[in-house]
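All chains are identified by letter, namely A, B, C and D, in their written order; residue positions are counted from 1 within each chain.
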Amino acid sequence: MTTLAALNAMPASDFGAAIAPVFENAPWIAEAVAAKRPLASLTAFHREMMALVGGQSDEALVRFLRGHPRLSPDTLRKGTTAESTAEQTAAGIGALDAATIAKLNVLNAAYDDKFGYPFILAVRCASLPTMLATFERRLAATPEAERAEALMEIEAISWMRLLDRVQPAPTGSLSTHVLDTARAMPAAGLGVELWGQDASGQSICLERFTTDANGASSRDLLGQGRLRAGTYEWRYDTPTYFATKGYPTPARSFLGKISVAFSVWNPEEHFHVPLLLTPGSYMTYRGS
Amino acid sequence: MTTLAALNAMPASDFGAAIAPVFENAPWIAEAVAAKRPLASLTAFHREMMALVGGQSDEALVRFLRGHPRLSPDTLRKGTTAESTAEQTAAGIGALDAATIAKLNVLNAAYDDKFGYPFILAVRCASLPTMLATFERRLAATPEAERAEALMEIEAISWMRLLDRVQPAPTGSLSTHVLDTARAMPAAGLGVELWGQDASGQSICLERFTTDANGASSRDLLGQGRLRAGTYEWRYDTPTYFATKGYPTPARSFLGKISVAFSVWNPEEHFHVPLLLTPGSYMTYRGS
Amino acid sequence: MTTLAALNAMPASDFGAAIAPVFENAPWIAEAVAAKRPLASLTAFHREMMALVGGQSDEALVRFLRGHPRLSPDTLRKGTTAESTAEQTAAGIGALDAATIAKLNVLNAAYDDKFGYPFILAVRCASLPTMLATFERRLAATPEAERAEALMEIEAISWMRLLDRVQPAPTGSLSTHVLDTARAMPAAGLGVELWGQDASGQSICLERFTTDANGASSRDLLGQGRLRAGTYEWRYDTPTYFATKGYPTPARSFLGKISVAFSVWNPEEHFHVPLLLTPGSYMTYRGS
Amino acid sequence: MTTLAALNAMPASDFGAAIAPVFENAPWIAEAVAAKRPLASLTAFHREMMALVGGQSDEALVRFLRGHPRLSPDTLRKGTTAESTAEQTAAGIGALDAATIAKLNVLNAAYDDKFGYPFILAVRCASLPTMLATFERRLAATPEAERAEALMEIEAISWMRLLDRVQPAPTGSLSTHVLDTARAMPAAGLGVELWGQDASGQSICLERFTTDANGASSRDLLGQGRLRAGTYEWRYDTPTYFATKGYPTPARSFLGKISVAFSVWNPEEHFHVPLLLTPGSYMTYRGS
């Protein structure tokens, strides 16, 4: 894994070798973006590369799309790029049961036939049911809408591959903010935990704090490069909070501990997640 | 464990023996409510008994409150009613560390001194931090407010003891209803699971269904006497739902699976829990 | 104005004459749908007609779109269908200032040039700023996306013209339901008013009631054919409700009376509008 | 009307004369707080005075409560302080119909009889139905709870009288922030108006702006001493916003313009009012 600084400093040929696998069979993208350096963030690198993808002629774009491998056990058996092999294998494409393989074959054939290029999906983010549901929905789309979706998936795939290879800029972090909307006041003194995964994928508690007078953590969390792409979870100890505030006795309270699971797609961004809380309801959303 | 029908039919003396332990050292309550039979539900039985508690003279009420044991390792060592022993033991009162015992002693002494009766709490619903937070808050209350709280706790304790002894009426059940508020439509075709505990306290999936055209389960869940007091959890498979509907690609979606934990205090009631869902937010509440 | 029953019973030629003006220069739609009678609702009539529109060949569809008049003072000066004349005039197209006319001319020319048919918009629902904002947005769309939007506008225009000519089926109505989410209970005893417009467009109070024990009106409102397409408003007397419940003294309450404005597009549908209320917040949505 | 600076600088006797009428028949409060000067805000002055009120002995407190005039036409006829006369007159106590007077007499007599002092209410914030609903609710309260409520009303009355006499510190202001929660993004480019009252009580538009890239006004509104206690209203031009963003055609959109009415009780505070918006729902609350 390299760093942004190293990426900006290395010779163009090294840069090409380091970055080319981010897209399937399209080394020209890395070559072209090399000339744009230095860039301030992975987000900026990725935006430049996607602009190159989107700026192609219709004909070149279809050729580019056709350069992608099918999602299929056959692909794995016959061999493809190291990246796609790893991704498809991890998504279980190599271990499907016969009925699912048959279904996938039918979908793949119908898709190629309709659109003229293979079905492209960021499989690292998709469970098998999600994958099949998405496949069926997109098979029914218009060619124009489907091309837009294929490009969005390439955006997702290349972004994740970029994150595998380069340390993101340390600009992202997390925060939460709890309002006790029944009293129109910040929920001060509420115990909060932030959970994520350790290197082996085990759930672990990353941070533990009590909300300050403003109902928030007093600082941003997982900042300075500690935030990673992945899934996180806020856990709010609402029963103790309600007991402390003299809300209905715990024996009769409706809400248990509140857990909010969310995904960080871009670890260079800030993710603010407010919680609007009352003894009988809560709301959460991605804030700004 | 007996049934409502049996409770309504048994001789008054048997009724007294069966029900007296629901309150601490106050067999007269069971005796008096025996004359009100038959009653249609446990809720009705409990309401009648609490009316008797609340209808006492000031003097009798204080005597009744004084009949309750302290929350304390000393109580367990010296012996008290079987019910309180079991509850305090399960809440960990018998295994506190020395610092917590010292703190509890100070709180108990200050409380008795201020209010003239022991601190009463439905410990089955309270973790140790909740218990201490509640104790400190209530110690600061006015005598009148505190008496109201003590009665609410007695209501909770006696209700749980009643549920231990008698099968509730089969009138309660659960339901959920999911609205896709971004589109102002029901969220049809969303996978939902209902989780609870089995007899040994292990989390298990009790029901699994897909929302119908109205965004709901097509029938009430855990009805006909299957609902128990305790904690439950709805789990909504929002990522698959969003993928099926063509909402932002899973790779960039903010929300993970949604989990809503809630408590059923009275299994003779219906608990309706709507979910208002968008790709960037959700709200939940106890509906009606 | 005729009725559904009359529409179902009249000779095909009369039906054609009555219904043809619902679409611009496309009498064949009314002729074809005449054969589908009887139909149970205006909604069903409209769905059948839109299916005919959508089922045309590409070529026929473009011809149909070209049959629509431009939104322009020139159109009014040169003369067009009675319906479009009335709609454009009411939307103020005949009384635009010179700068807006110039802008509209530029937009119209660019649109025709790009898409090959005139810009179609349901102007009865659009203020001038909305109209221009929509025009600019759609001018930037892809041909395929824009064709879908044009059809959605034709759906809106024809639906409103149908409502002008035929009494809708008496199946629609309104309801509201107020939850006091801070207490996890229905908001019983809350004063509610329903406002709409009288025949001359003046705001009037149509219904006034107090929520029942379930937090709702005890019956559906404006049912049995009284609901019209148009804008309505719920007004909730939250200050009196909070005062009655002993919530923070009115002098310090944050929320004033709550007003929720909404549009009824199809008066054959039921519109349920819940309000989730606390002293410091509220949420509203189209329920089901 | 004087200023905070003048209040801090004037001789104690002038201060007493200026501030005494803030409380009914209790000039000692103004005298005692004179010695605490200088203070940084009206909020601080008021907090000091309320601390003096709350610090009285039980006996002195009851005497203080008894110093308040009844809410009654009789009070106005017989004469009372200039302040109470003005407030009761403006609240319509001098122009009640016979039935309401009779009802008020019964309530007043029962209240005095139960609590030993007159019913105290900040009538400037209460409509007649609110006033009667509050009276009935409080008549049923316990003596202790009712004393707390009476003090809260005195807090409200004295605060409003203080605001009549002294310019508040210029620390308060308003802000709003609109999130398009369906897209998990700020609602940029939304037209917003802030409405309030002019000197004669007429509704006027005080500010008009378009939300910036963060979904907010780019500066706080009504700052630097322009915020007054009173009622305000945000008006959001959601239909134009949805049209610009390509949300469902206006003809079929559910939500009309959104209006959020709220009260500013303390013009030295900041009032932040977020709006969480989707095409089918919205939520608002007092933020922080």
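By definition in this document, contacts are C-beta pairs under 8 Å (C-beta built on N, C-alpha and C of every residue); 3 or more make two chains touch, one makes a residue touch a chain.
The model shown is predicted, which means the values in this text are computed figures rather than measured ones.
**Q** From the centre of subunit B, which other chain's Cα mean sits the farthest off?
**A** C
**Q** Given that subunit B is a copy of subunit C, what angle of rotation, in degrees and a multiple of 5, matches their CA positions?
**A** 180
**Q** Using CA atom averages as chain centres, what separation in Å is found between subunit A and subunit D?
**A** About 47 Å, centre to centre.
**Q** With centres defined as the mean C-alpha position, give me the subunit A-subunit C separation in Å.
**A** 38
**Q** If a residue has to touch 2 or more other chains to count, which residues of subunit B qualify?
**A** Within subunit B, the residues that touch at least two other chains are 179, 181, 184-185, 254, 276, 280-281, 283, 285-286.
**Q** Sort out for me which residues of subunit D touch subunit A in the complex.
**A** Listed in rising order, the residues of subunit D that touch subunit A are 177, 179, 181, 184-186, 214-215, 276, 283, 285-288.
**Q** What residues on subunit C touch subunit D, complex-wise?
**A** Going through subunit C, the ones touching subunit D are 122, 124-127, 129-130, 133-134, 137-138, 149, 152-153, 156-157, 159-160, 231, 233, 239-240, 243-246, 249-259, 261-263, 265, 276, 280-286.
**Q** State the interface residues of subunit A toward subunit C in the complex, per the touch definition above.
**A** Within the complex, subunit A contacts subunit C at residues 142, 144-145, 179-185, 254, 276, 278-281, 283.
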